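As structure tokens, here come the structures.
Below, chain A partners chain B and then partners chain C, in two separate complexes.
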Partner chain A sequence: MNSIVVRISGSLRKLTRGKTEIELTVAGNIADCVIKLEEQFPGMREKICDEEGEIRGAVNIYVNGDNVRSLQGLATTLKAEDEVDILPAFAAA
Partner chain B sequence: MRHEFPGRAWERRNPEPLNCYYIDMITRKEREKYDRQIRIDGLGTEGQEKLKQARVLIAGVGGRGSPLAVYLAIAGVGNLRIVDNDEVSLSNLNRQPLYGAEDIGRKKTEAAELRLQKLNPDIKVEAVFETITEETVSQLADGCDLILDAVDNFPARYVLNNAAIKKGVPFLYGGIYGLEGTMTTIIPRKTACLRCIFPDPPPSEIFPVLGSTAGILGCIQAMEAIKYIVGIGDLMTNRLLIFDGFSMKFREVRVESDPQCPDCSPSAGS
Partner chain C sequence: MIIDRPGSQYIFMYSRESLNNSSDRASYIAYKDKRLTNKEYLEHWGKWIHLDDKEKIHDMARKLDPYVEEGTIPCIKFDRVPQQWADMDQCVLCVYSDDRQRNEVWKVLSDVGVKIKAWTYDREVVEKWMPGGQYLERWITANGLKKEEADRTREESRQKFKAAFFDKPDEPCRGWIQ
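Moving on to the complex of A and B:
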């Protein structure tokens, strides 16, 4: 089990009641991280993933500054002290 | 590091370089007006002349568009084309300092043009009351050296992104939410495009926004535009800036082109 920090931005903070950084202990990869977030903040998985379970095109997940889309997506493995950023697109002018 | 000045629109307007030099050289009054920025390393009178020559498209004169237009106007960017399809409403006034209570009900483009010309009578402001669509964008962006995103929705951003790719001019993306904001500089064929970064639009809703968030991001975009025109500094290319006013932190993440991007990959549109 690895201890990581997940940064939550924008509209997703409604679900965390304004909390910006969440410390999590996760077993393996980004998918596990999303499951853990869903346990603590119900509704999070639906905001992050679409009906097919893929990361939504309007949400980016970064591990230490790299977009997981160019890594292994939800299967991107996490190690201790990784910094995960979950960033929904900001649309306001 | 200096980067190449985007010459196409410039050359088109000024087929004879000698002529253009004399016509567009800054006046003594302008030299005094812009004295403090002419003193910036790498800017100088040469940079001020480039600013005077430049034509930029400001897509949207709302939250970010207000500071963006104001700071480009007073910096002496010679040709501002402002585009919007909206009228000033009461709920705009918390974040759009181009307008006051007396402007409610007026076209934003008209009120903005008046205000900007008051701030700087030495520049040209073209106000276009129009919706940004696939059909209108080519003409709206015609002759512009760069396209500045100050719109409030992703469909319009994708249209601007595509126009920038087609015309080969930079597109400065920005977006805000509450006390947070993001921006990046897109140089077609050199960096990722907006579609590479966000393949799909977020759901449309009425967003929370603080005026100062729009001010911060609009000012950053204005600074980036000036750097680009003058050719100084390092641009926010292949990086996405994330500002969080709640924790008062700036951070950045890496941005990569998507080789399968439907908008900017070599096979796109074919």
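Moving on to the complex of A and C:
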């Protein structure tokens, strides 16, 4: 299990009651991270993932600065002290 | 130097040296003092994205101004107000650089208190502003354009990027109007 920091920006903060930085202990990858977020903040998974379980187009997830779409998506492995940022995709417009 | 043109959604920051270079307004699009070509721009140019409330973003921009002036940061763009067409509730600050320089720029951002770490290549942004792209289509929908207006907007966008980047890959990059 790895201890990581997840930062939430944009409208997803409504689900975290305004909390922007969350420490999580996760088993392995971004998908595990999303499950952990859902446990703490119900509704988060649906906002991040679509019906097929893929990351929604309206959301970008970054690990240590890099978009996971250019890595292994939800299968992107996380290690201790990694930093995960979840942003609205339109922030990059 | 902060360039605030009333009426524009964006506020820009360039160094005085770059602004005073009347023969090349995009001289900041460079790596190690060498101007990037359009092809190199699409390969290497990008931005660190930071989001926060309007006042905090505007304060952060002022803090970063000396780093733009000294040339550590090539260029910054930030929102005057959150972008309604994109349903944003925070302002965005984009700190531009070549990807080969991005760690140096990140160190500056980290030192002034930026936590959000999110890098986006401009080629991804250009793609999303092309016809069928996520940003352009959302903008068209949000602005309620009728079919003819929407088609004209798509064609203008396609032509703009074609002329700016794709027609002349080996020419010095001049950026694009935002």
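Rule of thumb we're sticking to: the second predicted complex is superposed on the first by the 88 of 93 C-alpha atoms of A that agree within 3 Å, B and C clash if a C-alpha of one lies under 4 Å from a C-alpha of the other, contacts with A are read in each partner's own complex, and residues count from 1 in each chain.
Rule of thumb we're sticking to: a contact is a pair of C-beta atoms (placed from the backbone, for glycine too) under 8 Å apart; a residue touches a chain by one contact, two chains touch by 3 or more.
These numbers were taken from a predicted model, which means no experiment stands behind them.
Residue contacts after overlaying the shared chain place A:S9 against chain B and chain C alike. In the superposed model, A:N67 makes contact with both chain B and chain C.
In the superposition on chain A, contact of A:D85 is made with both chain B and chain C.
By the touch criterion defined above, A:R56 reaches chain B but does not reach chain C. Across the two superposed structures, the residue set of chain A contacted by chain B and also by chain C is 9-11, 57, 60, 62, 65-67, 85, 87-93.
Of all residues in chain C, those touching chain A in their complex are 47-49, 51, 83, 86-90, 92, 94, 102, 106, 115-120, 124-125, 128-129, 134-135, 138. Considering their complex, residues 60, 62-65, 150-154, 157, 175-178, 180-182, 197-204, 207-209, 214, 242, 244, 246-247, 251-256, 258 of chain B touch chain A. For chain A in complex with chain C, the touching residues are 7, 9-11, 21, 57, 60, 62, 64-67, 83, 85, 87-93.
Touching chain B in their complex are the following residues of chain A: 9-11, 18, 20, 56-58, 60, 62, 65-67, 69-70, 85, 87-93.
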